[in-house]
Amino acid sequence: MTAAPQRSGDSRGSAGRALDVVTLGEAMLRLAAPPGEALEAASRFDVHAAGAEANVAVTLARLGFRAGWVSKVVDDPFGRRVAGEVRRHGVDLAALIWSPGGRTGLFFIEQGASPRGVSVYYDRAGSACSTMAPEDVNWAYVHDARWAHLTGITPALSDACARTTARAIHEAKTAGVRVSFDVNHRRKLWTADRARATLAPMLDGVDLVTAAEEDAREVFRLDGNARDLAARLRALCHAGAAVITAGPAGAYLAGADGVHHEPALAGEVVDPIGRGDALAAGLLWGALDGDLRAGLRYGVALAALTQTYRGDIGWITRQEVLGALTDRDRETRR
Amino acid sequence: MTAAPQRSGDSRGSAGRALDVVTLGEAMLRLAAPPGEALEAASRFDVHAAGAEANVAVTLARLGFRAGWVSKVVDDPFGRRVAGEVRRHGVDLAALIWSPGGRTGLFFIEQGASPRGVSVYYDRAGSACSTMAPEDVNWAYVHDARWAHLTGITPALSDACARTTARAIHEAKTAGVRVSFDVNHRRKLWTADRARATLAPMLDGVDLVTAAEEDAREVFRLDGNARDLAARLRALCHAGAAVITAGPAGAYLAGADGVHHEPALAGEVVDPIGRGDALAAGLLWGALDGDLRAGLRYGVALAALTQTYRGDIGWITRQEVLGALTDRDRETRR
Amino acid sequence: MTAAPQRSGDSRGSAGRALDVVTLGEAMLRLAAPPGEALEAASRFDVHAAGAEANVAVTLARLGFRAGWVSKVVDDPFGRRVAGEVRRHGVDLAALIWSPGGRTGLFFIEQGASPRGVSVYYDRAGSACSTMAPEDVNWAYVHDARWAHLTGITPALSDACARTTARAIHEAKTAGVRVSFDVNHRRKLWTADRARATLAPMLDGVDLVTAAEEDAREVFRLDGNARDLAARLRALCHAGAAVITAGPAGAYLAGADGVHHEPALAGEVVDPIGRGDALAAGLLWGALDGDLRAGLRYGVALAALTQTYRGDIGWITRQEVLGALTDRDRETRR
Amino acid sequence: MTAAPQRSGDSRGSAGRALDVVTLGEAMLRLAAPPGEALEAASRFDVHAAGAEANVAVTLARLGFRAGWVSKVVDDPFGRRVAGEVRRHGVDLAALIWSPGGRTGLFFIEQGASPRGVSVYYDRAGSACSTMAPEDVNWAYVHDARWAHLTGITPALSDACARTTARAIHEAKTAGVRVSFDVNHRRKLWTADRARATLAPMLDGVDLVTAAEEDAREVFRLDGNARDLAARLRALCHAGAAVITAGPAGAYLAGADGVHHEPALAGEVVDPIGRGDALAAGLLWGALDGDLRAGLRYGVALAALTQTYRGDIGWITRQEVLGALTDRDRETRR
Amino acid sequence: MTAAPQRSGDSRGSAGRALDVVTLGEAMLRLAAPPGEALEAASRFDVHAAGAEANVAVTLARLGFRAGWVSKVVDDPFGRRVAGEVRRHGVDLAALIWSPGGRTGLFFIEQGASPRGVSVYYDRAGSACSTMAPEDVNWAYVHDARWAHLTGITPALSDACARTTARAIHEAKTAGVRVSFDVNHRRKLWTADRARATLAPMLDGVDLVTAAEEDAREVFRLDGNARDLAARLRALCHAGAAVITAGPAGAYLAGADGVHHEPALAGEVVDPIGRGDALAAGLLWGALDGDLRAGLRYGVALAALTQTYRGDIGWITRQEVLGALTDRDRETRR
Amino acid sequence: MTAAPQRSGDSRGSAGRALDVVTLGEAMLRLAAPPGEALEAASRFDVHAAGAEANVAVTLARLGFRAGWVSKVVDDPFGRRVAGEVRRHGVDLAALIWSPGGRTGLFFIEQGASPRGVSVYYDRAGSACSTMAPEDVNWAYVHDARWAHLTGITPALSDACARTTARAIHEAKTAGVRVSFDVNHRRKLWTADRARATLAPMLDGVDLVTAAEEDAREVFRLDGNARDLAARLRALCHAGAAVITAGPAGAYLAGADGVHHEPALAGEVVDPIGRGDALAAGLLWGALDGDLRAGLRYGVALAALTQTYRGDIGWITRQEVLGALTDRDRETRR
């Protein structure tokens, strides 16, 4: 019995049953040189599939939520791989758009140690997903979810994708679906000015907006400390809630009742990529349970656990998240 | 548009829509020493998940059919792995039974070259799936499929599994679901006498029964050449159709209109395991299209393609099957 | 000449010559996902053979002692592998029991980083070794050793194994062989109550008993600080000496002349498993040299070195142990 | 002394000394799933750098000739890798064009066994090399070589590349540099009609033209057997010599003195890619020695040796080629 | 009970019990580029330990015989590795000579496919074992065996090794130990003339001499077909028996009762190295059982099985050898 | 344009153009057990090519300087590999000496974690390079460089190599080439007394001498703190400048204008080997730019970056060095 809700993502055919969350965006092949090796030299690349919105759907499906992912993938080995790696975790792909041709976006990773950081090289221009237009999407699928989750990466990919993102927010609002938006500013894809011009109208009135501290400053020209930024981002967007992530300093949640701080959960960093997506998934967990503060706690735990796995994805269960938080609380009390 | 039917396995929520095929049986972790290395010596084992009935569901899902798999897996990393590797291909797992405890069956493979063959070592006794009893299964799920596919492995696992297999056939017949049964005799699990005593009643009146030539002789005490065996197996089981597989000699399909022979499709053997499951999937493809002879052709092509992949599964598409058959026909005509 | 004593484990045929130490217990295949990868996802598992008592014998053989290992292994690739990986270090296997059938115990490892720890999943129920009964063992082999080393894992495996452990202690005492016992409580195998009921009678009058701090509290209901626990464990067991291991706080040795503390030797942790077995081997080294305090020093050095190797075993020589202690002393004096 | 000519590619600074051969064209990263694994599934891709014209330069440099390669590569890890893997064999890169930005072309390989062939997926559109225009090239570098080698791949990449190829032939002819051209028709890049329209004018009057049998038929609408095709291709192009490659049937060289046939050199196929480039290198070896017939012999030996190496490149020396031919001749005489 | 003789190599302390076979010679680290990769390019080398005489001892120990190996190894990680890899199979190392310094011989392997063969590069000059002199060896150990096995490799290593080989034969004969000698001519170590001058006196009167067909011709200047060579080699050496191996043509055994032919056992070649040592072990198996003709049968089966394993060693059991022969006989009768 | 100087190492044929730096010394194959694995146990060794002087040339070529390397390598796969791995970075090999026979030096690495350090085992005695005599070298090549870089390793290899080193310094001075010398004392190759006797005359009057703090004390019997040592080493050698490296304490540069200190740049250590060579390359960068103080800064940055790469070589660009220094300065200012 207890396992049943956790596997609800597999339940098909129950006509009246909505998804908990639908996310929309691109996933790519991720090709990484082994740790300590240069992309210029490595004799093999480790292969994963990853993308911010798909990562969020995967994490939610692993936690037992009914998560769906909307994207456009190529009907070739690369697109099937991306789809398969998302689906294996139980994410619903019923609204996935299969393109008969085109290329799959790629990114390459060199896992440097300090003073070298991790280097990411995108090769995603002209991908099939960058052609995803509003008319490609089955909007009824989105209407049937409780939350929709989007990021600032998608509108940076192309005009078509920007229109699709705007349309998704519009469709969600119209259908009473709540909207979560992770700013996720990508300097390699567009400038802060273009990001602001595009994102500001989209973000107006969303239920939850999340941004890294530096993105809040750079894209939205906000200032103050991280606590201030959370409140100001919420105000700027007329959002239900706003979250500012501040790395090792933790995260700040601004809601109607003020700003709440959650310290980061300490741990080792095996692979930092995907940390922010894990935090976003935690927030949505809380949101679905009607407790965003709890969601922030889940988020920092998910982020700390996810960065211990190679690849963007943490192979995490609900119990592990709760266990990590219990351990943290126990140590803190000492 | 053309991609839509091929991805139908992803379509959820369309309430009135049945699965094409449901299969039921155990999947295990498969741990293989690299080619040329001994299990006694290898520093690593390559890991896959596999099981005859799951393999059939996977191949059908890859071909675009709506396939579901019923089994009992442990809610731990091993069971989640098995489930995930099946689901990634698009197999529906809505009726999968999650066990809170227990062990996952294992098998080990040493990939010998001639005069050594491939050695398989089972370590599956006492697995969670071996406790799968009729009352564990959501039979309504089976009722909603066009075909049910079972094998002679499952009843060899335990009494509970034998009862579940018999019940599955009963439920299918009652609900008008057609039944396919692959004899798949496992000498390491039970004797031919026990197999016959258990399987004979189950097989009575199935729509399609498949057996290797040596299994037909050993389990059912039939004799004659492969062509005779097909006819006699059909008669013995009062089956709609019977198929005898005869390795490089191809396969024989006995139906109401006599016995049809399909030569094997020549090729290299990278990994022979899973070949028979691929043939079974091909037969079901034909059966779903209402053309078992075509199914036999699909089956020999799927078998030849599958054995070129390491692991039980062939990562095959519908076009590749049709392409391989076209190439064969072209060469044959020369 | 100098090499001769170090290789004494190879000396055969010298009829009157006893072994230095005989250990008795199960060894298993150890299957580990590569660091940073999930068991649920890893495409390969790294394979080792390991078991607490075999680990102790291996370390002692590497240090130049004549060590023998008694266990029951299957005469198939898995059992031969376990035997071979123990024998390669020079451990004598003349009394190993070869079982014509049965399964080899397994354990799986996921090498998590903080806040995830290392996860161990046992799959050892029903192993050949769990059927090892007193009548299987050649007790004359045990009689011919200077020390016998046992652990609290073996009696947790089965009744047969519990009887074999008790008999081993009895045989040793009768023959004037000294007894070392490492409590090694395994929560996944039995409860503290059952452990206490079984172990307490066995431990009465042994020459050396070792326990982790938390095991002393949980199994034997002792309290106080680590120093107190050592004295109380010695008193409870009427043991010649007792050792409490307290992780980074080092270890405490209680003997007739009071309690001696040895700080842990700092270092990096590549793989924590096998650390305790290394400490036990160090104690036996000291015991064989007639100096348990020196043995505790050897033990903390062996533990620190062993945890820098992947796998349970440290590929260590006597000189490396002495060198590590010299380096530590030099730094401490600064 | 004997080593000196073999290493002549390293000799710098000898002002009056020309290169033996300059080749011009794109090299890419080659990402291959391990043998027997699907691109859709492989956890790692093996990485090489390769391109038809670079392969020819590499093979010639390994044989002791002074070979240079002209291309446009990105000044990032991917471009540096491509350059480094070509340079390590001793190819001169003095005229390589470094692009401050852009992408490096990729191709993916799935190494199927029969009845699956090897699948190649290009992802090279929009690469830095596809922007290589005539004005980017240091034509003086080309003028200083004895032979220039080009292929039909380059003009298929872009208009800029087509113009560069045409210009290269013009520059070569003007400067008295002999021209070798390998048709290498790529169906995935352009149609036979477009290829013919572009290539026919370029090929007029070249010194050596090479084509696969099917390319001669498809692109140049020639017919007849392979021997006929060689003669007709030579006539069509007003070429000094023409070579038709006919797979296992060997190759045909049409010159002023008629058509000469060279049987293929039998052997195992580890990796078929790069075989044709090896043959082209052999022809140039012969051309540089003034004996094209000998070149054809070198070519079939180089092709047979190259296909035993994973990757496009054969790590071959001059002695190995001569040894393989000696062995073949000895066996043939028996 | 049945397992006991098979594990007799572990039996220690039975003072009156001799070894079945003692072999003497060098073992090295074997470093191999992965199949299809060049030594010039491979990013990793696979590591094994191997040497002709050690290989024979390993195979015999695996078959259940009490085998000992005499050699000189360095007391460092490389020597310990060589010793450990031999000992893990149950070979007795009581007379192994540990050198405090020196280097371990190496050989490198490039596993080429046809028309490239397998290339072996020795780097063994000046190894510790090449300094093994008669006075280093515990000759009593040799006296206590039923057979001594030597090869023509050892005397080629150094004068000290040549003297040690001659002395070993002398000691064996004096003590009534039978002598087996495998000529194993190594062209890279010495000339045929030097080999003949050194080996001829050694071979006089041995019980069993084995040589490859080409070695018999080249070293001993014998002629005739393989059958003739066997008889002539026996006569030349005044040997009890002589065996000529003729590759795919099988092997010829010349004894007092004439020449017996045994065809080779067909199979795939994964790694040809170690094949001859496997045949030698088979002959010794027969010799120990008093049936050299049976030994030749065992030998061809062991050779065919061994070449299916990567590395010099076949991980083979007695049953597998008998099974392979039974299968062969069954097929031959058809 | 900007790329041109960075690739100047590729420029051939410009008769009047000197190299920036020529280095002379041995490079070897480097065989490393994977991290956490013992050399005694690892199933594979990772392969690189490395040598102090070659490492310096590689780093300089990567930074855009025209660097040449003089050495003696074998014309076989091992020597070609060493040459190829140096050449791929753009180092000029026009004066490399190819030996028709001989062996390539090797070193083995075990990458221990604390309290085990990294263990290095040399197997380089008798290498081809150890026979490099003054008459083997094309001294005109050295004359045409701005700087020559040598180390104290080369004279430790053999008398021939010592004479070659002395001659190189003599030739350089005579031709107005500046001389850099890195003491690099190798305790495993010779004693401090022999090193001093050989090196002292060589070092007299060089332009730059570099030594580790402990080498300055042990070889040259200097004392004082690191700052003192720099001044005293400079005085002892009558050198233009002297550098003392003091590990985490940074490095000290003594010049005509006093002693300058540069702190080490903090970071993680993936592989410590090659750090010193990176620092030497940084000093030469500064020397070529006429600013040794800047060179010391480049050196500490290069050392910190290089130790984050597995293998001796850092795959570093000029921008990365400048970026790391900028980051360090920014953090320091906070």
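All chains are identified by letter, namely A, B, C, D, E and F, in their written order; residue positions are counted from 1 within each chain.
Rule of thumb we're sticking to: a residue touches a chain if its C-beta (ideal position, glycine included) is under 8 Å from a C-beta of that chain, and two chains touch if they have at least 3 such contacts.
Nothing here was measured: the structure is a model prediction, and the numbers come from that model.
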Relative to subunit D, the most remote chain by C-alpha centroid is chain C
Measuring centre to centre, with centres taken as mean CA positions, what chain is farthest from subunit B?
-> F
Quick one: subunit B and subunit E, Cα centre-to-centre, how many Å?
-> 46
Taking each chain's centre as the mean position of its Cα atoms, how many Å separate subunit A from subunit E?
-> 62
If you average the CA atoms of subunit A and of subunit D, how far apart do the two points sit, in angstrom?
-> 46
Enumerate the residues of subunit B that touch no fewer than two other chains.
-> 38, 40-41, 43, 77, 84, 315
Subunit E touches which residues of subunit D in the complex?
-> 265-268, 270-271, 301, 304-305, 308-311, 315, 320, 324, 327-328
Residue ranges of subunit B touching subunit A (in the complex, touch as defined) = 2-4, 6-7, 10-15, 17, 75, 77, 84-85, 87-90, 92-94, 96, 98, 100, 144, 315
For the complex, which residues does subunit D have touching subunit B?
-> 35-38, 40-41, 112-116
Subunit E - residues contacting subunit F, complex = 31, 38-47, 76-78, 80-81, 84, 103, 106, 108, 110, 121, 123, 125-126
